[in-house]
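Two complexes come next, and they have one chain in common, chain A, joined by chain B in the first and chain C in the second.
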Partner chain A sequence: MKKYLAPAVALAATLAAGSSSAIEGPAAALQNRTIAYVLSSEYYALYQTKDAKAECPTGFNDGPREQFKMLFPDDGTKRTVVDTQLAREAEVWFPTLKPEAFPFKEAQSKIAPGANLDGKVGPNDFTSPTGEPGIDNQLYRAIGCIYNYRDGGELWIITTKWRQQHNFNRTIIELTDVDSLVNDDDVTVTTYRGLDKLMAGATGAEFLPGGSQRVDTRWGKEFIYKFHGKIVNGELITEQGELVLPEMAAFEDPSVLPYRSAMFKLKLTPEKAEGVIAGYFDIEGWYRQLNQGWATHHQSYGQESAPSLYRALYRLADAFPDKTGKNTAISGALDVKFTQVFVQHPPQETSEAPAKKLIQVAH
Partner chain B sequence: MRLMRANILAITALIAFGPVAMAADSKKTAAMVEDYEHVPLPPGFQVIHSELEGPVFADAAGHTLYNWPSKGLRNGDAGEQKGKPGCDNVKQTETSGLMSPYPPGLILPEVETRPTCTQVWPPVLASADAKPVGKWTVVTRNDGSKQWAFDGYPLYTSILDTMPGQTNGGTHRRTRGDAPAYRKPVSPPPNLPPQFRVERQMTGRLLTTGGFSVYASDKDGPNKSNCDAACLRQWKPVLAPAYAKAQGELSIFERSPGVNQWAFRKKPLYTHLDEEKPASFEGSDEPGWHNVFTTMAPKAPADFIVQASRGGEVLADKKGNTVYIYMCGDDAIDQLSCDHPDTPQAYRFAMCGGGDPKRCLETFPYVIADKNAKSGSMAWSVVAIEPLTGKKAAPDSTTALHVWAFRDRPVYTFARDKFPGDIGADGWGEFNAWRNGYKAFWLRDDFRNNAG
Partner chain C sequence: MPLLNRKRLCLALGFTAAIALAACSGPTSEAAKSSAMAIKEPDGGTPKRLRLLTADQYLNTLAYVFGPDVSPETRFAPMTRTGGLLSVGTSLGGVTDAQMEQYQKTASAVATQVTNAGNRGTLVPCTPADAKAADPACAATFIAGVGRLLYRQPLTAARSKEFVDEAGEAAVRLKDFYAGLGVALEGMLLSPKVLLVTETSEPDPKNPGRERLDAYSYATRLSLFLWNAAPDDALLKAAESGELNTDQGRAKVVERMLTSPRLEAGMRAFFDDMFAFDDFNNLAKDNSIYPVFTGVTAADAREQTLRTVIDQLITKKKDYRDLFTTRETFISPSLAALYRLPASPGWTPYEFPADSPRVGLLTQVSFLSVHSHPGRSSATLRGKALREILLCQTVPRPPANVDFSAVENPPPNLKTARQRVGAHLSTPVCAGCHKITDPMGLALENFDGAGQYRDQDNGAPIDITGVLDGKEFSTVAQLGTVLHDHPQLPSCLVKRVFSYGTGSLTTAKDKDILAYLDARFAANGYRLPDLLRTIALSRAFSEVAPPPVKTAAAN
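Showing the complex of A and B:
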């Protein structure tokens, strides 16, 4: 890919010299009414108590290993690969909504992080940990008692690590038309995929503002979306719109996380942006990225049964009904942290010309 | 069954050798066969140039030789240790439980007709008076017979190879996770100075140094660099140390007084500055610059195009639908593959249609070919498939589909892909599809190593 590098070190030094925690901040980060951030941390927005008894009073769900043993007990019966292993895997990839024998434990809490997506306060809505009513986060109800997603679960641990490690997943938001990071009634947010590593601190645990990210307009076209929004008392709140996030997980499978409708709700400073990307996940797309990123083997680590979860997703789905009235999307949110970054847009000509190149190589 | 012909020259002439920059003159490139270290061979063996794997050892009839090195799976090891043949004539009937998360003891599909390991992988037997030569040794099988080994690993041929130069039995293609312990073609060492390595890519055998791609420029002459000061801001000559000597197809020339640079087939070599990803293709985006291949993979038939995707480039049908390869190995201790039409189709049917062959045809349709289409290579072919069994059709079948195959295995598209270059089925299947499922036909991956 054609390089369009700028002196990232110099930019970082500029920002470091002017770094400030003041909400208005120095001019270094907000330049030409523009500021950008790169996604550096991502978890599903769940409300978790330490012992889980409040939200999961009957414990966590069973996973593939446990379900397999229930279906096919070790009682000396000879069984075939087709009737057991392949039948279970077929259910993963071609799930159904037919009732199954396994109970599914939904999260019982009345509290959940997220956003009020429909502007209403309904009986199935949650109250946020800060007391905001009407939170739409039915995904929490579906995954809140699956250990994989909880603090300490494999997916909980690794997803954000891969977000940080893999450039495929690099996600940038660029805010333009910004007059103030405190109050501005009309800003534009554009999402891109970046091409560069995050700038880590000395310990590797923190990421530093002031790095640079090249925008991927060649392979990353499908990750470019625009949102209109406003900044109120330092919080960015966008309108809702379609969004697809790159989501590479285990073993390099380049899957995507598709929202039918999403919004950003982020507390802004010149150095970082923290909050949620809330919205309605497309169930089929969400389910596919789960299985492309996480094999039954990995799901077993965190007692996550994909076929059981599929049923729960549709049972709890709360938006985008199809022609039959069946909802096809489920509300949810990602708990996210962004770190300020300087964005480098490519020259105009880089988009298409090189794509023809490999034809010569391969043919 | 085998129709071997020792017409090696005819085979090699089909192959596109060398990088793009050097492939313009077909008469010249026909002679550009990848060099290798001419290690001593026992009588009856030879080296053949394969399209996908470069030079490989073969028996007298031209069958490519394979080994089966041990691989650690989640619940134990499969494959062979050096000096210990493990592929025998015992029919396996149950799974071994080596691949997580399923238990052992499950009865294998088509168990009544399941072949033994040696029926699929005939051992390369040695005569009683066979003598070791170099790294070629003789090991004793469990039944007392003698078998040739190379570098300690017992050698086999594959029943899927029917012509000299075919490598249908196995590949050095990279795998991940609990992929089976695959068989791999055995090759003589490449004739390269220690600074260089060859990396297997779907587009060919890529020359690298320190893991990074090397490039050649159209502006350079034979053993002459025209990379000036401006050029050097992007490109770093691959310098040869004072003690280095020309070897094989790599020569050394003096780019400036006292400074020596490597050249491959007389083309000066460079790395691309700031390239972070090993075995990258990014430098070839610069006009006039090319990756360097010791052997180019044969071009795909005209029914295919190259399509941009979210991670790089994939092979696609003419409409831009991403093409997928199906991968499968069973979980018996002998790890026989199940990715070929001659093997049980129950694995694939589970992944492509939940067990329903008709749904498979809708979800993962074959890439249909003209019955008489020719590919110009051995790697690509047209095969007749019985659609509801997934197996090769009888010659007189009236229901057969004629479909494109790569390495004698059909390729597919995915009906749920929504736009050209969508890769919605990449990783669709057991263990991210490395064990039993579909992977996109990656040609270039700018983010990870899916094309490797």
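Showing the complex of A and C:
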């Protein structure tokens, strides 16, 4: 494609120069055919218009407080805590798929960011904001009209904030076998959990490339996954595979965000990688992180009724059917930004090494 | 020409030849070494000084006397940089009311910490008979021990009694022995004899008609020079015993001090002073231009250079000139981001690869960022710093009517610093100075105002070729080598170390001793510990010269 040629050649030249470890500057990010990025921003991939009328023409969903008021109006009826507050609380932790009286407002837009996960263009699929058809993002239908996840909502604000603040959530992707950040038909992407803080700039408002992250190979083993992929015109596209992201939110109570199948689709530069981590979320796992990671008040302020959403997730689920044919996963995507980082792996120790040391000591 | 002057001239020429020989054939040349070692040490001393303790000297002394936990948060007024050193400025000027207030607050805080319930058991060597009353015997024990270390010599009986009486009176009034002791300690810490170093002399029995520093003054000069703190107990004992009055005794004491871990603190203080790192206290970068340069970066940049210097010169005892060609240094995570390197938490040793543009102190973030503007690099400031700080040359101040518009609002066609400062070279009033600063400053243009590497400036390639005092270079590594071989590089260090140690501006009268020290430094392979030893044991360091009639411009 001609229009990509000029910048592509320029960038390739820069990166080729950067292959020497002695050269500094942005090009130094790619060293020994390796470049890494740390996750610094994360939102659910939603298509949002300013007044929301296009995608949520009847408004946003009610949350726990609104539903409670409808179920138990202040009409003088005497009720017990067990029958009201605790009963609703139990529904959060023991949700059912039985129909409920509350209407659920699904996002109505035909546009949504994400990725074409199944390689097909179906009637329920979306078109991406850039015009790509076949986007699988049923999670958007489920949460697109819940204020919590929209611009300014409670979780919209603090999911990424706590991603940045808690080292538990430090997620790194390391790209190896990289010959070029512009076009490369075979690269390997490995995810790790990092151990260090993000490197903030002098203003504190942004995270900067060039920081360092040590890989957590001890407690972070469960977050190590490998993906094969390619880079086309500066965009990394991986094959799909299992992925679990650390997701600690409130009260130092760690949880995880489980994808049954995920892929990275990221525009790469020597300094950042931006795009989506798209895939099929395991519904039970996703629902668990919602309630384990976030407190009641987050759901209340964000007008997010967990029991109602649980029903919507299964209603819109589109992959990984169980033995009965019921889908157990829902397509979705995270809108992510990564910042270039230097990864430090722990020194490798061969299995013979400790024995040798002992022998030396004994002698 | 009078005979004496002719002899001096020959001697000076001899020194010059020895230095040149050493510089050409390297420190391993036995001929150069024996030639330099054969040079006789010239006569002459340095003036007695009245110096104000710096904040670091004060705090280092407190840390030795009372332990590192007694560390008041204090910031003394900045000194005036004189002859390239703040330490020389300590002997100029007075103490203002505001400074006295700061000293009083600090003294009060220290006295409270020393005598509080948590520390008194350790820091007061006796227990009063009644903690609510005066105890002259216990107070006298404490005051004698602490007073000797703070005053840098034993207290006179009369002075000691005054403090004991003061402690007793306060204890009675406050009904608290330790509160009374605190009052006396506060008084000691505020004493001019503690805050000011007053050097005193005595007739020199080996050189009739001449004066030498008395043993306590010599001990204090030695300790401030090598440790940046007041003398310790052993050094005071050496003064008391007369050991410091013998050549053998002095050599033994100086050797102990040079091998002490406290030498590191002393030399960090010296290089922090020589490199004018107090500029870091006011260093600010434009966050929008250099977002990666934070307050942590600035502190780490200063620390990186000091660590490198101590590692190379004290730990590894390397050639001073190699500081400007070495690729060995230390890295912290904050700095690593500027150098575009991975780093582990804390400080780790690091060696830049052979083809890296980072070589020597000139390419460290400290030098590059301090000698730049908040939002851009400065070939002129860097060139000026190189000449003034490292070569002890003087670059005249710009004329009052200088037109900065070519640099601050450059025409768009002037993309690189070389093009912008080129405007100076075509203006006669500017060219005189810029010709001596810009060529080597432009060699560092591959590094922006925060010290980050770049190969272009406003999209234009950067030309870093230049010339330093007749030696051409085309890479920054070559600039380091040219500087390494510059004869004024080691002699500038000699001048600064001598001036720092004696607390005096060097003048034309010091020409012979500086030439002698230059020759010995070269003969010893430009090793800093050897230079320190030579200076500390020199007659110029311990003998007293009459103060100059008028201050000569030393630089």
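Note that in this section the second predicted complex is superposed on the first by the 320 of 363 C-alpha atoms of A that agree within 3 Å, B and C clash if a C-alpha of one lies under 4 Å from a C-alpha of the other, contacts with A are read in each partner's own complex, and residues count from 1 in each chain.
The rule we apply is simple: contacts are C-beta pairs under 8 Å (C-beta built on N, C-alpha and C of every residue); 3 or more make two chains touch, one makes a residue touch a chain.
These figures come from a predicted structure and were not determined experimentally.
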| item | value |
| --- | --- |
| Partner chain in contact with A:214 - chain B first, chain C second, else both or neither | second |
| First (chain B), second (chain C), both or neither touched by A:344 | second |
| Which superposed partner A:81 touches (first chain B, second chain C, both, neither) | first |
| Chain B versus chain C as contact partner of A:222, first or second or both or neither | first |
| If touched residues of chain A are counted for chain B and for chain C, the larger one | B |
| Which superposed partner A:253 touches (first chain B, second chain C, both, neither) | first |
| Chain B versus chain C as contact partner of A:267, first or second or both or neither | neither |
| Contacts of A:206 with chain B and chain C, given as first, second, both or neither | second |
| Touching both chain B and chain C, residues of chain A | none |
| Chain A residues within the chain B interface of the complex | 1-3, 5, 64-65, 68, 74, 78-82, 84-87, 89-91, 93-94, 166-168, 218-220, 222-223, 246, 248, 250-256, 288, 291-293, 295-297, 300, 354-355, 357-363 |
| Residue ranges of chain A touching chain C (in the complex, touch as defined) | 20-26, 28-29, 196, 199-203, 206, 208-212, 214, 342-344 |
| Complex contacts: residues of chain C adjacent to chain A | 285, 287-288, 290-295, 333, 336-345, 352-358, 452-455 |
| Sites on chain B touched by chain A in the complex | 20, 74, 95, 100-103, 105-109, 176-178, 203-204, 234, 274, 281-282, 284-286, 290-291, 296-297, 299-300, 305-306, 308-313, 315, 330-331, 346-347, 350-351, 353-355, 359, 423-424, 426-434, 436, 443-444, 446-450 |
